[in-house]
């Protein structure tokens, strides 16, 4: 990898329809790839996990941020992970958590996945290299 | 109804696991009934709609606020309504909205229902009577 | 009974202001008297020339400019906040009344509401 | 690379502080150097005698008192904020280092993180 | 008491400062949640009539100031909302 | 530039004030979301190196001050995060 190619991890902690964090992060993510850099992972934490909800149905004249992010992630094969502890508290579960906790449904949108903070720790460790960056997108309230 | 009996509407705008609003509101609601007053309706607005999620699964040593509120509402036959516009944006839907928007699941916990702001307007109109109160419980961030 | 709905956050960064407008328009739709009060950075909702296409949101400027048509009785703005954010007769949307003493204004409404 | 996690909100009113602790403990579990910095009203996390049973939450005081056992290198607290909220040697939990200049402290860490 | 002002946000929040700035002389303040930290904040001047939810004060190990009106239970809070001519939540 | 500080909260938020108070002299500030309203806020003194996301400035019809470093695109933002020795989001 040439020295001027950088690897980014994006951490989103603000929810859509409550904060601009998912929008700002997506604009940034597109610019990262446009410049030829790579995104190794998007990590949703705290309120940010709501971005991965398959049930969000904003009015037709508002952006569906789950879909906009999902399309971007799939098109560019970027993995995105919601923190399991944040997700379970806030009612965001995949099929395996649905079974484990005997819940009536699951609502995790593809291609988002659920995993532990270890994924974030891994990105943090990697970012000690000069060509690596972890950038946080917080809510704006 | 004797003059000293009051009717309360509670509006919750803060989400569980992000704010204390559902906890403060429940403590207040219990005290309202203890004093012999009545609660005509609980209205969830904005972030507050997350309280009605059937999928919230906090760690076993944390309170499940959806369940605590659900038990209270059922025991005392108090109706609780999540604002439809807030709920749809934030991925909180019942079976009829699931069908209408062709969503993969529904996640509204019983006995919560989904309805429009008209329910809140109705409570507001009623509160012009001296024996009626609308009390708001906001997040604390 | 007149309701005063208060907005104290800038537009677009959170949804609280939009949900305040929804409350105001709902009251108006049921013929209930309602006014909006903008304080602190909330006065920026009232500035002309907002162009939120680039952040993929709808402008609220048109909704506010049409507030009186929808039945909202008054758009009130804290005068000191307007001064602080450079809002003048030249760049405020139409129909805004600037008020000097928000505390006195607050006293005049039986029902004062923040959306969150 | 040493991570500094900053907490600036009081305990119990929101979950941000707990989620900051989770981050710190996760880094420590993977043997990554991490410290916690409490500023502004966040210093109240460090006060002895917290009893959150009545609001149906778990005390964070014990977690913080055990932070060094979990591998968190330091609990740092802004001295002026401690003074402002009446935190002294007598009511701070054990193992807290008060710092005078948070700006200088911030300069020393490559990775500075808020949980939200 | 004319108006009961209920505040749940900490004293550094703009909402808290707006509330203090707009309160009338006959009004009372009720601190809930993170707002109870105002009792321990030496930079905040509170009005004459101040109440704070007891469980929130205990949770945060706040030493109440001697000069405030007192800690209240949820039962007291219900009474306050009834005694007040109007209630504003900030 | 040593550190790039990214702020998304409005200037009345304690986080914004904490950031201003802890910035070093070699640091730059990038305003995003509601933080861009600081450009229009006559009570805020901004540091020498200030950038603001163009789309957020336009959304809110903010007239940028003459003395600031300028409006930036997301492409510029990526460059700034790479040029900086470290990035802190507030």
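Order of writing sets the labels: A, B, C, D, E and F. Residues in every chain begin at 1.
Note that a residue touches a chain if its C-beta (ideal position, glycine included) is under 8 Å from a C-beta of that chain, and two chains touch if they have at least 3 such contacts.
Not measured: the values here are computed from a predicted model.
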As a test of understanding: of all chains, whose mean C-alpha position lies farthest from that of chain E?
A
Measuring between mean CA coordinates, which chain is farthest from chain B?
F
Is the C-beta contact count larger for A-D or for B-D?
A-D
Approximate Å spacing (C-alpha centroids) for the pair chain B, chain C:
26
Euclidean distance of C-alpha centroids - chain B vs chain F, Å:
38
Roughly how many whole angstrom separate the Cα centroids of chain A and chain C?
33
Two or more other chains touching the same residue: where does that happen in chain D?
9, 12-16, 40-41, 55, 57, 110-111, 114
Of all the residues in chain E, which ones touch at least 2 other chains?
8-10, 12-14, 33-34, 55-56, 89-90
Note: chain A residues in touch with at least two other chains are 14, 17-20, 46-47, 62, 85, 89, 136, 138-141
Category of the chain touch graph - line, ring, star, complete, other:
other
Could you please write down every pair of chains that are in touch?
A-B, A-C, A-D, A-F, B-C, B-D, B-E, C-E, C-F, D-E, D-F, E-F
Touching chain D in the complex: which residues of chain F?
14-15, 18, 21-24, 86, 88-90
Contact residues on chain B for chain A in the complex?
15-18, 46-47, 50, 53-59, 62, 66, 85, 88-93, 97-98, 101, 103-107, 141
Please output the residues of chain C touching chain A within their complex, sorted ascending.
9, 12-16, 55-58
Across the complex, what residues on chain C touch chain E?
8, 39-41, 102-103, 106-107, 110-112, 114
In their shared complex, chain D is touched by residues of chain A numbered 13-14, 45-48, 85-86, 89, 116-118, 120-121, 124-125, 127-128, 134, 136, 138-139
